[in-house]
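Look for subunit A in each of the two complexes below; its partner is subunit B in the first and subunit C in the second.
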Partner chain A sequence: MNRTLWTALRALAITVVCLIIAMPVVWMIAAAFKTNVQVTDPTVGLVFSPTLENFRTVLADGEIVRSLGNSALVGIVSTVLSALIAVPAAWAVGRFRMHSTGSLVLVARIVPAISLLVPWYYLFAQLGLVGSYTVLVLSHMFVSVPLILWIMIGFFEGLPIELEEAGHVDGLTAFGAFRRIALPLAAPGTATASVLAFIFSWNNFMFALILSDEDTKTMPVTLFNFISYASTDWGGLMAAATLMTLPVLVAAVLGQKYLVAGLTAGATKG
Partner chain B sequence: MSGFDRSHRRLRWLMLAPALGFVGLMIIFPLLFTLHLSFTDAFGAVNAGKGYDGGQNYLDALGDGRRFWPAVWRTVYFTVGAVVIETILGLAIAMLLRKPFRGMRVVRSVLMVPLLATPVAIGILWLLILDPTNGIANHLLGALGVPPQEFLGSVSQSLPVLMLIDVWQWTPMMALLLLAGLSTLPEEPEEAARVDGATSWQRFRHVILPGLWTTLMTALVLRAVDALKTFDILYATKGPGGGSDFEVETLNVYAYGLTFDYQEYGLAAAVLVLFTLFIVGVVVLLRRRSREASA
Partner chain C sequence: MSDIQLNRRAFGRLLAAGAGAAALSACGSRGTPGPDTPLRISAINHVWSQAVRQRLPEFEETIGRRVSMQLLTADQLASSYNVKLNASATDIDVMMVRALQEQLLFARNGWLADLTGLVEGDAAFDWADFQEAPRDRSITRGKVLSVPVVTERPALYYRKDLVSSPPATLDALREEAFRLTSRDLFGYVGRGQRSGAVTQWSSFLYSFGGDFTTADGGSGIGSPEAVAAYRFYGELLDRAGPPGATNMSLEQAMPIFAQGKAAFYIDADAIYSNFLDPTISTVREQVGFAPFPAGPAGSKPHNIPSWSVGINAFSLLRDDAWRFIQWISGPRMVTELQAAGIPGARASAWADPATLAAFPAELAESMRINAANGIGHDRPEVIQVGRARDIVGRPLVAGIIGQDVAPVAAEAHAEFADFLVRDNRQQEF
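Moving on to the complex of A and B:
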């Protein structure tokens, strides 16, 4: 009896925690399907006849569509380039215990981004690159490379070294062992790290706020500019915010197990 | 050294060089440049400074009781408040989820939503929920008999409200990190304590908590660094200067405003150097505490 009671209480507590975490996001998504009259009427809860009008308005807005495209483009290019340089580096650090070099990751995480933005702006302005996709990709890579390094160092350390040593015995060079043995085994880790890197690029606000221009600005900046219209078009704003959050929600549902492993990588060891 | 080892050595530097070179280039020049700027009176343009000013910016910042010190205190208030609540709640949630149950996958997905969602979008959704006249928050409070609140429209409530939004957003991360830490603990010591008749609180306090200490401190450092640097949600909800009365202007928001709204590059650089030293100090302090405790 006592045991059943505890189980029930625990289930209740877990449900409450989940509701508190999920409800604000559910409320946002619901608002995206409401008319502007319904959005501003708090007595309209989660039961109403949904409208797609807000999404129609938002998707007819060239600025929003282009910003979403820009976010996707910058996210994909910066993630692919980051993985290309960070995965081999992580292997080198993990295999050869070069942990002092790994501390650069920590430095990159500590330094306030604004202290880098002014010099970047100055430097890239000299090169005529401010406002270009190049400078956005480079700035986002500055976040992605340390992130992928951080996750993948732990991943390679977890792979048994015997497999690569067996490769050496069979005549593979060290690089061959990396390419033919370690890299395929690291595919799930690389995928996880890349998805996370893409999400952090997709969410990045401050870099694009300074370094992008009208044509290259990403969705968080566009969304920010739309806040001033909030009082007149909550529905449209919520639809735009929902579109922005959609890829993240999909990733959270489909990849939860891997993403949790990636996010918590490195935290459980000293 | 055999030829094989030599080729290994060359290879590992080859593999490391692009990533290390990239991060190094993106960080070393900017840091030196910021340090240089902090000693000039650059205003309007970064190269407008007329030589070194002997640390005048630092004196100006440290002697500024109107913007700088209030920003320091807001940063401390926001960070300490958020991180302490997140740690306690995160630990409680991790303990709650520790034993396997049906539906763990769903719960894990839910936990990931706030920390992966775009901060600007999160700011916007809370603006709707907390809207003083039309928001659901005041509607619900009204049902409980609480008078309507101004929330983000009020000078005194904005910072605590944003701190609580941070708690909503980042407690799940804390819970996930601690859950990962709990899963690595061996079961034997806990079983032994149970056999010896320890209560569940004693087992938590004297067996689980010490075992979890390293993870807890690592999570604390990571979270504190990010909380100190919080920008997106403050700027998205309150705009430049952290509101009309600078009510949520933390050091990061202040440095941003000095740089990009006022072009006070010299002073901004000095504030950023002080801010960076502050963060480094916090990290060093927390890491030393964690090492002392585990020794």
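Moving on to the complex of A and C:
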């Protein structure tokens, strides 16, 4: 009896939490199919005659499509470059006990991003890079590298060292052991870290606001096109937000298996 | 081991030399914009900016240079200026600014170029044609630092199907609002957010005979007139307004009237088109427009330059930036934009009946009357406007949630008096 009650309570708690998490997403998707009159009318809930007009407007807007492309470009390039640097670095930190170096890198995550923007802007303006993809990729890497590094350190520390030692016996160099043994085994962790880094980059607003220009601005900044001084186009905004959420949602669902494995793999040793 | 150290050191030197060379070469190329360098305009996402953007090809042809216009929200624009201009940015040429919110601070920081010689030296530009109140607000310490392009006054939006004629006095407004309040309808909706409500409340304050500051620069928000204005506004929203009014600024209050859920609404006249747009409004057939109702001291609404344009002091394209300002705020373009429904700051445009034909007749008349009675500021004229609005807005919130306004106003008055002393010290530049 007690067990049944607990199970029911647990199911109820899970449902409530899921509802709280899902509600904003459901509201966003529903609003994307409403007219502006319906969006601001609290009596119109989830039952209404849907319209595709918002999506038509958004997709016909070249700026939105270009910004989605910019976000994808910056997200993919910064994530790949960050992974190329951070994964071997994480292996080195994990294997050779270089934790003080690892902590130093973590400073990038501790310093508030806004405090970096003035010196960054000054430096990049001197180099003539403001408004380029290069500066966006570099700024996103500043956050992505520590993120991937610290997820992967735990992962590499969790891999039995005996596997690499066996490789050394068979004639592999230290780096060869990393490339042929540790790296393939760390694929789920790399996937996890990369997806998280990509999501950070995809959603980052502040760096793009200051460092991009009209040609390179990413989707989070472009979303604000729907908010003007005297009015907000809620339908258009929600349609654009839905389009912006979709790729991340698809990536998360497709990579779910790796994500779960990756997130838990570094948690235990042996 | 020593080999490794040597290599590391050599690598460090190489890196430093590379970075230094890159920085030097970049510095060398700075200060010489090429023919391909665009003229960059940072602007608020506003109907004015959208209308200007559509007309840019005409200007680009004149100057033979591409123009890049970045549209942001007001907060983002302010953040962007703060970060970029702190670093002496050259990638902003023309800046859209709120003369009453930011100009004093930007002037203190040396971010806005002096336009005095330019506006006064060009007879065709006709600086004297700008309305007095907005023109005065463009001048800081005797220098013209911006040119007003959009002006704003409050308008009384009301439901013609609910009242036969709009209330002419604030007392009549209150009476009608209380009478019409029911389960399905709010008698009055307006901004109630602590800082956001201050600008709209200013017209109530003036119409009760008060002001934010006294003639000698002290706090005016503890005066009997100010306390009466606080009490009036608070009671109006408390008894006739929607629940949660203290969280409402323009974005929240406007849809309530547009949805037909309120009888009266006072807010900027610049937002009138929202109520005539069938995709947003359900009251486009019923909405009426009227001048700001008279209080004990008469009808004294604000008439302010809500948005102005200036030139970044670090801009490398100052000549082209001035040509843009000449073009967009010259008599021809202001008349054209006003005829498209965007109220400008030129007296000649307001005197031209053709420019008023774009507005509903009632609104045009209300704008004309409000402009004639208008006071040139809608917030305290200080450097730290945000902080001042927070202090001034506190008794407003107290009134809206039904508290006794007098003690809160007295506290705010004392705090505002201290604040003004500190702010005045910062104004010595």
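Keep this in mind: the second predicted complex is superposed on the first by the 242 of 270 C-alpha atoms of A that agree within 3 Å, B and C clash if a C-alpha of one lies under 4 Å from a C-alpha of the other, contacts with A are read in each partner's own complex, and residues count from 1 in each chain.
Methods note: a residue touches a chain if its C-beta (ideal position, glycine included) is under 8 Å from a C-beta of that chain, and two chains touch if they have at least 3 such contacts.
As the structure is a prediction and not an experimental result, all values here were calculated from the model.
S.K.: Have a look at subunit B and subunit C on subunit A after the superposition and call it: clash or fit.
M.R.: Clash - subunit B and subunit C, as placed by superposing on subunit A, overlap.
S.K.: With both complexes overlaid on chain A, does A:Ala187 touch subunit B (first), subunit C (second), both or neither?
M.R.: Neither partner.
S.K.: Which holds for A:Asp41: it touches subunit B only (first), subunit C only (second), both, or neither?
M.R.: It touches subunit B and subunit C both.
S.K.: Name the contact category of A:Thr232: first (subunit B only), second (subunit C only), both, or neither.
M.R.: Only subunit C; A:Thr232 stays clear of subunit B.
S.K.: Going by the contact rule stated at the top, is it subunit B or subunit C that touches a larger number of residues on subunit A?
M.R.: The larger set of subunit A residues in touch belongs to B.
S.K.: Regarding the shared-chain residue A:Ala60, is it in contact with subunit B (first), subunit C (second), both, or neither?
M.R.: neither
S.K.: Looking at A:Val118, would you say it contacts subunit B, subunit C, both, or neither? Reply first, second, both or neither.
M.R.: So A:Val118 meets both subunit B and subunit C here.
S.K.: Where does A:Asp213 make contact in the superposed view: on subunit B (first), on subunit C (second), on both, or on neither?
M.R.: second
S.K.: Is A:Ala251 touching the first partner subunit B, the second partner subunit C, both, or neither of them?
M.R.: first
S.K.: Tell me the contact category for A:Gly128 with respect to subunit B and subunit C: first, second, both or neither.
M.R.: Second partner only, subunit C.
S.K.: Pick one for A:Val169: touches subunit B only (first), subunit C only (second), both, or neither.
M.R.: In the superposition, A:Val169 touches no partner, neither subunit B nor subunit C.
S.K.: For subunit B, sort through 9-17, 135-143, 153-161 or 207-215 and name the stretch that clashes with subunit C after the overlay.
M.R.: 153-161
S.K.: Shared contact residues on subunit A, subunit B side and subunit C side combined as an intersection?
M.R.: Looking at subunit A, the two contact sets intersect at 40-41, 117-119, 122, 210, 224, 227, 230.
S.K.: Can you list the residues on subunit B that touch subunit A in the complex?
M.R.: Listed in rising order, the residues are 4, 7-8, 11-13, 15-16, 18-20, 22-24, 26-27, 29-31, 33-34, 37, 46-47, 93, 96-97, 101, 103, 105-129, 131, 134-136, 138-139, 168, 172-173, 176-177, 179-181, 184, 214-215, 218-219, 222, 225, 229, 231-232, 235-236, 252, 255-256, 259-260, 265, 268-269, 272-273, 275-276, 279-280, 283, 294.
S.K.: Which residues, counting only subunit A, touch subunit C once they are in their complex?
M.R.: Residues 35-37, 40-41, 117-119, 121-122, 125-128, 130-131, 209-210, 213-214, 224-225, 227-232 of subunit A touch subunit C in their complex.
S.K.: What residues on subunit A touch subunit B, complex-wise?
M.R.: 10-11, 13-14, 17-18, 20-22, 24-25, 27-28, 31, 39-43, 85-86, 88-89, 91-93, 95-96, 98, 101, 104-105, 107-120, 122-123, 138, 141-142, 145-146, 149, 168, 173-175, 178, 199, 202-203, 205-206, 210, 219-220, 223-224, 227, 230, 234, 237-238, 241-242, 244-245, 248-249, 251-253, 256-257, 259-261, 263-264, 266-270
S.K.: Would you mind writing out the residues of subunit C in touch with subunit A in their complex?
M.R.: 22-23, 26-27, 29-30, 40, 44-47, 50, 68-74, 76, 79-80, 83-84, 86-91, 250-251, 254-255, 258-259, 268, 270-271, 273-274, 279-282
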